[in-house]
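Alright, structures below, take your time with them.
Shared between the two complexes below is chain A, which has chain B as its partner in the first and chain C in the second.
Showing the complex of A and B:
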């Protein structure tokens, strides 16, 4: 990729092709593995959505015709959007700070970030549960300080889900953003200052526009990952803000209604692929052209 | 889970190279303290006596069970499932018929017997309360549904299963003998009145955590989990008023390659001794009618089968027949 972007496409294309197809041959075993163990099972679940309990689109009718399920769809999108916005709001300053701080310090921050990513998801979610509950550390401290008289409802609701998911998603936005911000030439900001831009103008008219590709691709990734999230909403949320992945798990495991489970999974897959297509369209090609 | 299973399987094959390889058996249950007790009370003595090694897997997952049977590659030989599911799955052709020439059914509680399943242990949904956290504890289902008299969060079992709907109807004044068929409209209307104050528990460990931390100072619990919690030093008050019983069942998925060993395991697990030991360590009641005779009197008095005065038996046949319809409505109501 790096080679492709740095050279002129027209001269390179002819030479690159054969190398590419040879490389493709090497990926065949991995692709076969994916087809057998991933794509085929997914297809069979999706097929069930139009075959069980009887052939037809009954499952989709039931899924899209019910206000309860529509509410879950809507909730899935709004929670994902909220998590994306909060993650971006916290992630951008962190990525920026990481890009400009001395490398010894930034490597420590990176270590903390990566360590949290490598810690078991369930452990991290349970830790939040203990921190956020009515009798948890946060509420006890705030009450001890006399700031509140009643415990704040921080868990089993939207607040809990947002906190828990934002925490998990932060590395996925900080890492790509860091890469983009690092590539911005500091001289550009100096130039802006020399030309009389205030700090605010330098931020909003120079830095943010230059970092936008990183922000959008990171945000899309977080949004798409959030759409399919299961453990954190199940543990930190209440039943009133159920998300789609939980509904699918319920269909598959508790109700053993694989037709409906497959239908819900297909809806999620279509939405995710559509978003991925948008991402490729907006940024994938732009990168390939070396812009 | 799969990983632990693979590791366990590898360890077992290495360690037992002399034993017949085909004689291994996989037992699947819900994990936690209950499965630990099942291992100690049932599997370990069974292995010692028969030479058949029992591997533990879990948690029970009905989707997985169905997938195994449909794909014809069954790796679970004996599974602990909910009683109403056992009735339904037997009718759906997912289970092997049990061999009652190996399993002595004359001693087993007939309430939990079908052609495809025997009881595993039985439990009651009771009202539990953390006495240190509140000034007064709810004694009846009506109390637990009364947010004016008992303000605060209360916890209930999250999944669609016998227990919560019955509790709502009893709280609303339905007479125990008029409970079935369940009046779902009335039950959900009653549940609506406390919905904002419910924290759902998804598993036994979580229910204990909620009560111990007083996140929810009272609620409806499996009685055995309260017994276990009291042993850790939490001041738990249990009200057995109109306790609602349900049973887990032992089943054998259709197409298992170890059918014979599975039957032998079930025979051993439901024997009077095995059931008594299980009851002693968990606080759940035995399903073998001879078990109570060999148990310590003091422990026996704490078990659900001694609380029959106001006990209500959840109707497993009703639940098996209506499980899907109730489930759909239940989850839709929760998500509303």
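Showing the complex of A and C:
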């Protein structure tokens, strides 16, 4: 049989050869691509943060010592946290409903989720820019109903970013949560009911605790993805609530300050990796369907 | 109780209500943009005063839009081919190989998916400025390949892990060369994985904005970069027309995948 399976590397010429290199060569093209065009450029960018304009930690002092930049960090975190809370609050009931709905209903919702996820990011952001503008449908409708007399400022501010980001992140929390709730044994909830739990008790003491790992892991993913988002905050947010990714782009593109750009990139990278490490530690696997 | 749809009682309608509203929230903006692309109002007034095709005419009359769409397609096509080829070879190594650090390597291959794209974009921009790849098709292809490859490796390793290798061995036993067995037995068996790798790679490149903004030059830009640049000036309905065309392509590709999956099952 040894002849039939590929070359058996353990016994070549009667000598025992270490098995460490079997088929490794096949991964080399992909590895080379990643090393040359991913790892080395990122490392070199990070290196520039401590070398330019002069060696030292000056860029980090400037970045972390200035209230302007601290405000951007704070804003990045609070927008991401807000988006995470809102997506979780909407995502949990939707995932719950999807897990128990008749499949002809849920398949429609799944199709919508997939369509939304795969529709061009700029298209979705553009749609919200149009909907939320001063003369947009939402303001027109509210004014038509007599609820407001002046158009509400819905775009170029926190409201715009939150709506736009929630729109983009919802599928990323609904799909994994659906998987978690789907795996919960309905008999456990029946048991709770038999033991005299009210619906509310069954929800807060049984269903939610059982779904918590899924919620934490989904929330972490949405939070991390939000931290690094560039396009949607740049188009729907205002200058007053700039986010970290925009700051990095601005350092590099308009200010041509590679040192500061590298330092801001390192901050984003460290936070992202730390949160993924927590995710791996807590749940064993990182969910990586992000775009 | 709580996990039985028919016995939820009043709560059932709350859940269905929230789900319905969320589905509407997700789908209406897309429908809205498609509708507005046929509306006559320059200021995107809804409902439109009249219906027209002039934004599509403007799109197809402007060589810059068409050129950007052509560039996008060209780059996405090259990325798809390279991503599937490199991904296929790497997946064989990851699934069939036995070497130290295999799991670490697998995790490494997926990292471009989880890191913020803006960091990669800025880093590659700096690197390409130095070696003169900025604003070239090669630069675009490399940048998109880095983010497309994880999707490819994920799809193909999944398919390969589900394939029983003894079938390939049987072909060798019946006289096929190892390469012939792979080409005529293994590849057709994992074709669904190859196909989804191709679709995901194509869409990743075709839709990608952030890397593209940094890779673009005044003479070479993809469709998303053109939309981005136009958006920063005004919200012209030509963007709605371009967006609708993108939506149609996305739906077509999604239906293709769904049909293929159905075909595989039956």
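Keep in mind that, in the parts below, the second predicted complex is superposed on the first by the 253 of 291 C-alpha atoms of A that agree within 3 Å, B and C clash if a C-alpha of one lies under 4 Å from a C-alpha of the other, contacts with A are read in each partner's own complex, and residues count from 1 in each chain.
Heads up, the rule we're going with is that a residue touches a chain if its C-beta (ideal position, glycine included) is under 8 Å from a C-beta of that chain, and two chains touch if they have at least 3 such contacts.
Note that this is a predicted model, so its numbers are computed, not measured.
J.: Superpose on chain A as described above, then tell me if chain B and chain C fit or clash.
T.: In the superposition, chain B runs into chain C.
J.: Examine A:216 and indicate which partner it touches, taking first as chain B and second as chain C; both and neither are also allowed.
T.: In the superposed model, A:216 contacts neither chain B nor chain C.
J.: For the overlaid complexes, name the partner, chain B or chain C, with more touching residues on chain A.
T.: Ranking chain B and chain C by residues of chain A touched puts C first.
J.: Contact-wise, after the overlay, does A:142 reach chain B, chain C, both or neither (first, second, both, neither)?
T.: neither
J.: Examine A:82 and indicate which partner it touches, taking first as chain B and second as chain C; both and neither are also allowed.
T.: Neither chain B nor chain C is touched by A:82.
J.: Let me test your reading of the model: by the given contact rule, A:203 touches which partner, first (chain B), second (chain C), both or neither?
T.: The answer is second: A:203 touches chain C but not chain B.
J.: Once chain A of both complexes is superposed, is A:193 in touch with chain B (first), chain C (second), both, or neither?
T.: In the superposition, A:193 contacts chain C only.
J.: Touching A:252, do we find chain B (first), chain C (second), both, or neither?
T.: both
J.: Name the contact category of A:121: first (chain B only), second (chain C only), both, or neither.
T.: A:121: touches chain C, not chain B.
J.: So, does A:99 touch the first partner chain B, the second partner chain C, both, or neither?
T.: After superposition on chain A, A:99 lies in contact with chain C alone.
J.: Kindly classify A:242 by the partners it touches after superposition: chain B alone (first), chain C alone (second), both, or neither?
T.: After superposing on A, A:242 lies in contact with chain B but is clear of chain C.
J.: Where along chain B is the clash with chain C: 204-212, 222-230 or 312-320?
T.: Of the candidate stretches of chain B, chain C runs into 204-212.
J.: In the superposed arrangement, what residues of chain A touch both chain B and chain C?
T.: Residues 133, 135-136, 252-253, 258, which sit in both footprints.
J.: Along chain C, where are the residues that touch chain A in the complex?
T.: On the chain C side, the touching residues are 1-5, 8-9, 11, 14-16, 18-19, 22-23, 25-27, 29-30, 32-33, 36, 43-46, 86-87, 89-90, 92-94, 96-100, 105, 108-127, 142-143, 145-146, 149-150, 153-154, 169, 172-173, 178, 203-204, 207, 209-210, 213-214, 224, 227-228, 231-232, 235, 239-240, 243, 246-247, 250-251, 253-254.
J.: Touching residues of chain A toward chain C in the complex: what are they?
T.: 4-6, 19-27, 29-31, 33-34, 37-38, 40-42, 44-45, 48, 90, 93-94, 96-102, 108-109, 112-116, 118-124, 126-131, 133, 135-137, 140, 167, 170-171, 181, 184, 186, 189-190, 192-193, 199, 202-203, 206-207, 224, 227-231, 235, 245, 248-249, 252-253, 258, 261, 265, 268-269, 272, 276, 286, 288, 290-291
J.: Which stretch or stretches of chain B touch chain A in the complex?
T.: Within the complex, chain B touches chain A at residues 61-64, 66, 153, 158-160, 199-200, 202, 213-215, 324, 327-328, 331-332, 334-336.
J.: Chain B touches which residues of chain A in the complex?
T.: Result: residues 66, 68, 71-72, 133-136, 156, 234, 238-240, 242, 247, 250, 252-258 of chain A touch chain B.
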